[in-house]
Each structure stands twice: as structure tokens, then as C-alpha cells.
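There are two complexes below, and they share chain A, which is joined by chain B in the first and by chain C in the second.
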Partner chain A sequence: MAYSDKVVDHYENPRNVGSFGKDEAGVGTGLVGAPACGDVMKLQIKVSPEGIIEDAKFKTFGCGSAIASSSLVTEWVKGKTLEEAAAIKNTEIAQHLALPPVKIHCSVLAEDAIKAAISDYKAKSGGKTEAAE
Partner chain B sequence: MTAVTQDKKQGIGNVRKMPIYLDYQATTPCDPRVVEAMLPWFTEKFGNPHSRNHAYGWESEEAVEKARAQVAAIIGADPKEVIFTSGATESNNLALKGVAHFYKDKKDHIITCVTEHKCVLDSARHLEQEGFKVTYLPVKQNGLIDLDQLRDAITDKTALVSIMAVNNEIGVIQPLAEIGAICREKGVFFHTDAAQAVGKIPLDVNEMKIDLLSVSGHKFYGPKGIGALYVRRRPRVRLQALINGGGQERGMRSGTLATPLCVGLGEACAIAQAEMGAETERLRMLRDRLYKGIMDQLPEVYLNGDFDQRIPGNLNLSFAYVEGEGLMMGIKDLAVSSGSACTSASLEPSYVLRALGVDIEMAHTSLRLGLGRFSTEEDVDQAVEHIVTSVKRLREMSPLWEMAQEGVDIKSIEWAEH
Partner chain C sequence: MNQTPEVQNPGAEVTPCWSCKGPVAGRALFCSTCGAIQGPGNLDHFTRLGLPRRFAVEQAELDRQYFGFQRRLHPDRFATRSPREKALSQVQATALNEAYNTLKDPLKRAAYLLRLSGRKVDVESAGTIDDPQLLMESMEMREALAEADSVEEVSRHLSEAEANIADSHKDLAAAFAADDLDEAGRLVTRLKYLGKLADEARQRRAKLAAMK
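And now, the complex of A and B:
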């Protein structure tokens, strides 16, 4: 399968690979996918007291498109509010990376990872960021 | 090695640098000696081998019969027992459907195995739709069938047992002589798909009591588009033809023979037969070098399929916590295959690995590495380096590797399968 230049770039130079401590203040962790399906994404966001995503990190088990999708969303969520980040659609990810139809599920998973990280953050912080906004 | 192959490897001139070829179970290049033998039969020696009335026909017929004898020789058969086909897919279709159809009034059962090539499994499915009963034998964890299960599965309605000689994904060699003995004792025909075996391991249809055997040209340095089916004459195996017409190939496969392709297949057999001993040793050394190079540098790598009962040119490895397609992208300087779902149109990982009882997660992490006649020590050393580097890098990026390092049992997590 031929990959788009953007997928290759993210695969070869993935942005923001790594982990935050799960219990660190302001950190939300999303773990989506399943090993049996060949894709697992872990996306972590670090949210400022003002409710802005200051930093993001990922680790992904999966094909090049899955790695590229998760790498891309770590770039996209940075600097966004939780609401803005939650509004990122898989179609935007797929379009940006020029994913072929068989790889659309990778972008869906990346969207799910953002939502999972946000809800984990909210659950931990008891919803106080909403008040801050 | 030809000049062209050499140029491609080094990326000389305008030729794009090609990856190192490690996919010899998918196909092989034609040996230059095979091509040379074929060439005259395209141009000046173009006669129809079935033309009985002139010298053009006679010389082509002679070439085709020489090739038939070369094919027969590598499997210990009589040339009269070899018919040419378009390849192993056709041979397997003809063996299964041809035997089933011919004997259908008395027998309605065939036995095969879950790790067979798709063309055998799909032929069996079609026979099931026609009302035949098919038993799909499981395999043990090492990829081999259980002989007692085979013996128990045979009934007085069984027409045919079809068990492949060598598996295309994991390279394991089935116990052919033992299977042949059971089938002969029970009075059942034994067909083997030997597409991955011919030219790589010694085969003898009489010693192994094989009644039908499929051959594919392009799996052992012959041309694509040609294969053969061995059909035993004593005791006689009868087939209903799939392709009807002028009655060539003793009525079992009509159509004008492709003289150049037949000549190429014959030459490929002759070369493989002459060189098998030395080539097996050379490939085994390369394979061991590849295996050791990887295993010495990477933890949690697992071999799929039996190590000993295996052709020397195959390794199938699972690299835990690294997804196969992602890995292939990292080792783009190597041409290999993956058992991962993502490489195929379907999203299911390899059914062969699943049949061995390999966890579905581990099936996603597998690579097939195939070595062959033009593989070198340098190829192997480069492959080891690329694989080790990529696996290490991808494990650093893998959430599963991280969890495993932290002592989290990945199986204990409730994953949302998507």
C-alpha cells in the first residue's frame, strides 16, 4: 500500500511520543482500540487550570496510519480548549492525512482517543474546568 | 545474479533502488538459465506441440516431452503421469473437483486441513455447496496435522485426502510418507499441494505413496503461468476434467500447451534437482544467521510453526507488542509479508497463524521472512539490522510494550473491540 507523504512524515518523525504520569495533576488519559484488532492508541493531555490543553503525548500500537493519526492529533489538540479539542472530527484527520477508505478506522480511533482523554480528565478533576471556562 | 538485479540493489543510474527481496514464498525470480532455455521457443521454434504433420510440431512436442520428463524426475514419477496446467491453483482445483466429481456416485467425502492454501479451501467449499462432505483437520501448535485424527476421519465414503506438503506462511513440512501410508492402507487417494515443496525438499511419489501432486513453476525459479499435476497411473486415479476441448493432456486438461513455459518449468526442475543438496545447506546457514541475529538482540520474539520440520528458506516470527504493518513500514528496505490483518483486504489476521492457536494479538505482530537462491549473507545482515532497529523504535512507541514493562497483564484489560 502506498502511504501519503504526510503519513510517512508522521510515521518517521512522530510528534510527542511518550507518557505523562497518569496521576499527575491536569492529566487525562485515553486508551482506545484493542490488541486483537491490531490498533491500540494511548493519548494523554495535560490541561492548564484555565482549561487549555498545554501538552499532549501518545503511544500507539498499530499500522503507519494509526501512528500518523495519533501523532497528528497530539499536534492539533495543543493550545485548544477541551470543547475545541472534542470537536475534532475523524473526517478532518482522514482528509489531512489522505487516508484510504480501508484506513478510515485509524482516524475514528484517534477521535475516540481525544474524547476518552477528555472524559478521563473531567472525571478526575470533578468537572471544575467547566467552571473555569 | 543478473546485471539488472545488481543495479536495482545498488540503485545505480536511473533504476530505482529496490528493497532487499525476502519474500521467496510469494514468488521467485526466473533463473536466468531458465529464461535462456525458454527463449528459442517463443520465436523460431514456435510450432504447436500438438501438430503431428510437420517438423515445427515435432520439435515442439519433443521439447514439451523433455520438460515433462524433467518434472517427473524431480518427484520420482513416470512422465506419462504428469500433466501441465496453468499453475498450482488450477492443479489443486483439478485434483479436488476432478476426483470428487469422477467418484461421486460411490464417495462423497474429502478430507483436508485448515491451514491449506485458499485455492484448496475454496475448492472444498464449492464441493460442499454441491453436496459433498468435507472434513477440515485442525493442526497442532507446531502447524502439523495429527495422524490419528486423520486416520479417524477417513470413512468408506472418503474419496480423497488433500494435505499440503509445505505451508506457504510458516514453511512447515507435513509428514507426507506417514499420510501416504495411512491413505493407501485405507484405500483413499492422497493429493498434496506441493507448490512450496518442489525443488526445496526431496519428494518421491512412490516412497510417499502420493496419488496426486500439484506443482507451481514460479515458486522455484520457473516462469509464472505454468504448473503441473501428477496423477498416478497405478493404481489409477481418474479425474473429471475442468477444461474441455481438444483432449490434450490425456483428456484431463485440454488446450494447446505453452511450449516456452513448459520448457521453463522443466529446466527449473532440472536445476533445482541438481542443486538442492548444496542450496539447502546454504539456505539453512543464512536462515540460522537471520534467526540468531534477531533473537540475540530482541526479547519477546516468537517463531510460528515447527523449527525442525520446516523448509530452510522460511521464518515466520511474531514480534510481541509491535503491529506487523507498522513494522513493515519501518523496514521498507526489505520486501517481506505480514500475517497482520492490515496487509490484506480483509481485516482478519492470518487464518494459518490463528489455526496454530497463536493469539489474535500475536498474529497481528507477525512477519514472514523468505530466503532463496539469490539471497546473500549481506542481505541477511542488513535485514537483521533493519528489523532490530525498527522493532526497538516501535516498541518505544507502543502502549502495550509500556504496559508489559510496567507489569500490567494486557489480557486483564477489557478492550473495546472495534
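And now, the complex of A and C:
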């Protein structure tokens, strides 16, 4: 199966690989897995006091499509509010990367990862950002 | 003259032989009247191989059962028979291979048992899991492997993964024996991740060995 140019680009030059300290202020961590493939994906966001995602990092052990999907999501979420980031749909990721049908679940994993990171951030901050608005 | 339906006995229902219309039990390979080979029927893998439906399976017994059935059903034995009989031996052999391949692999066998019990099996669906303990463990092991840069170091990770896999097989047997299907489901997922780790370690070792 041939990967699209965009997948290859993200796979060969992944953006924002790495980690933030889990307990750092403003950091939310999403850790999800696709057991059918044995993939594991960690996606972290760093949120400003105003509720804007300032930075994002990921670490994925999985196929090229899973790596590309998480890499793309870290690019997309930067500068977005939590609500905007939570609205990212796997279909947009799959479309942008031209994922074939058998790899759609990789984009679902990336969507689940950003959602998990957002809920982790909200749980940790105890809804402080909403209260400040 | 009370006839009880044998619902507890898979493959015991009687159907007419396709060739002579004589009575044939669903589990029978051949018609007892005319000797014609029958279709594979809708049997579970354990019944097909004549084994009790449980996780603990002796590899030697499984092999014995499989090769015994295979000898009787192999398409080569039907080369001079009618096209219908040839075709039936083909589907029988395919069904037998599928049963054997599922049951000989502990992970597949466990997943299959869970499915027979009506459980959703994570490793067979394309869903996402978020079990933090399992994923954290998996992430840490994959990171450690990615950082290992000598054949010796990678081999150490591989041995560790293989030991964890062997332990998980024991834990699975205990979970099934205690009828703890939640635990069995969790262990199947862990096994899948450990298997992936071991595969990656083997590939990495081969790559490092080739660079030497």
C-alpha cells in the first residue's frame, strides 16, 4: 500500500515530537491506543491561562498513518481554543492526509487523543479557565 | 417417549446426507450410510477439533487432533471422487485449518473464547482504548526499546518481552479457570501489545545486526 506524499512528509519529518512534564502547569495529556494494531499514541497540549493551546507535542509508536495523523493534529491545534480543538474531526485528518479506508482508524485514534488531552487538562485545572472568563 | 432437544451438544443435530439422504449428525465428517464426505457445518473450532471448550489446551493433543482430521479430509484423498466431493473436502480442509490456526495461538484462542462468550474483544475491533496503566507500560517499553542501540541491549528487551508474554499466558489460564472474563479481556489486550513489542525488538535487532 502506498502512502500519500503528505503522510510520507509527516512520517519523515514529524512535527512536535516530544513530551511536556505531565505535571507541568497548563499541560493536558492524552494517552490512547489501538489494540487491533498494538499502536500507542501520546498527545499533549500546553494551554495558556486564557484557554488557548500554545504548544502541542506527541509521541506515537505505530504505523506511518498513525504517526502522520498525530503529527498533523499537533500542528492544527496550536493557537486554537479548547473548544475549537475539540471540534477537530477524524474525517478532516483522513481527508487532509488522503488516508485509505484501512487506515481511517489511525485518524480516529488522533481525534480520540486530542479529546483525551483536553479532558485531562480540564480535569486537572478543575474548570479554572471557564471560571476566569 | 420424551424427546429432549440436545441444545447443549453442538453439532449433534441431524440433517439428511446430500448424496443418499440418510441421516447425518452435524458433526459427522462422512455419511454412515453411503460414506460420502459431508460439508463442514456450523461448528465452533473446539467442537471441530474434538476438544473441550476451554483455554487450557495441550499443544500435543491439539496437533494430534488436527493431523488426525486432516488425514481423513485432505483434498488429495478425493482426487478421483466426484466434483462435489472434491469441493467438500476443500471446504472441510479450510475450516479445519482455520480452527487449528485459531486454537494453536494462545492470544487468538483467548480472543475466540471471549467472543464465544459474547464479549467484545478489543484486539479484534478497530476501537480506541484508554486504559492508562496498560498504555503507560506499553509506551515506556517502546521508548526503552527505541533508545536501545546495541544488539545486546535489544536482546535484553526481547527476552523481557518474551518472559512477560509467557507470564501473561499463565495469567490468562488462571483468569479463564476462574471465569474472570474481564481480566481475560484485559490480558488479551496486554498480550497484543507485548507481541507487538517483541516483533519490533526482533526487527530492530536484525537491523542493528546488519549494520555491524
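Going forward, the second predicted complex is superposed on the first by the 127 of 133 C-alpha atoms of A that agree within 3 Å, B and C clash if a C-alpha of one lies under 4 Å from a C-alpha of the other, contacts with A are read in each partner's own complex, and residues count from 1 in each chain.
Definition applied: a residue touches a chain if its C-beta (ideal position, glycine included) is under 8 Å from a C-beta of that chain, and two chains touch if they have at least 3 such contacts.
Please read these numbers as outputs of a predicted model, since none were measured by experiment.
Asker: After the superposition on A, what does A:125 contact: first (chain B), second (chain C), both or neither?
Answerer: A:125 contacts neither chain B nor chain C.
Asker: Let me test your reading of the model: by the given contact rule, A:3 touches which partner, first (chain B), second (chain C), both or neither?
Answerer: A:3 contacts chain B only, not chain C.
Asker: Could you tell me if A:107 is touching chain B, chain C, both of them or neither one (first, second, both, neither)?
Answerer: Neither partner.
Asker: Could you say whether A:38 touches chain B, chain C, both of them, or neither, answering first, second, both or neither?
Answerer: both
Asker: Counting only touches as set out at the top, which of chain B and chain C does A:61 meet: first, second, both, neither?
Answerer: both
Asker: Figure out whether A:74 sits in contact with chain B (first) or chain C (second), or with both, or with neither.
Answerer: Neither partner.
Asker: With both structures superposed, pick whichever of chain B and chain C touches the larger number of chain A residues.
Answerer: Partner with more touched residues of chain A: B.
Asker: On chain A, what residues does chain B touch that chain C touches as well?
Answerer: 31-38, 40, 42, 59, 61, 105, 108-109
Asker: Touching chain A in the complex: which residues of chain B?
Answerer: Its residues touching chain A are 321-326, 329-330, 340-343, 345, 347, 349, 360-361, 364, 396-402, 410, 415-418.
Asker: Please give the residue numbers of chain A that touch chain B in the complex, ascending.
Answerer: Listed in rising order, the residues are 1, 3, 8, 11, 14, 17, 19, 31-42, 59-64, 66-67, 102, 105, 108-109.
Asker: Spell out the residues on chain C that touch chain A in their complex, using ranges where they run on.
Answerer: Per the stated touch rule, the residues are 122-132, 134-136, 138-139, 142-143, 146, 189, 192-193, 195-197, 200.
Asker: Considering the complex alone, what residue numbers of chain A touch chain C?
Answerer: 31-38, 40, 42, 59, 61, 105, 108-109, 112, 116
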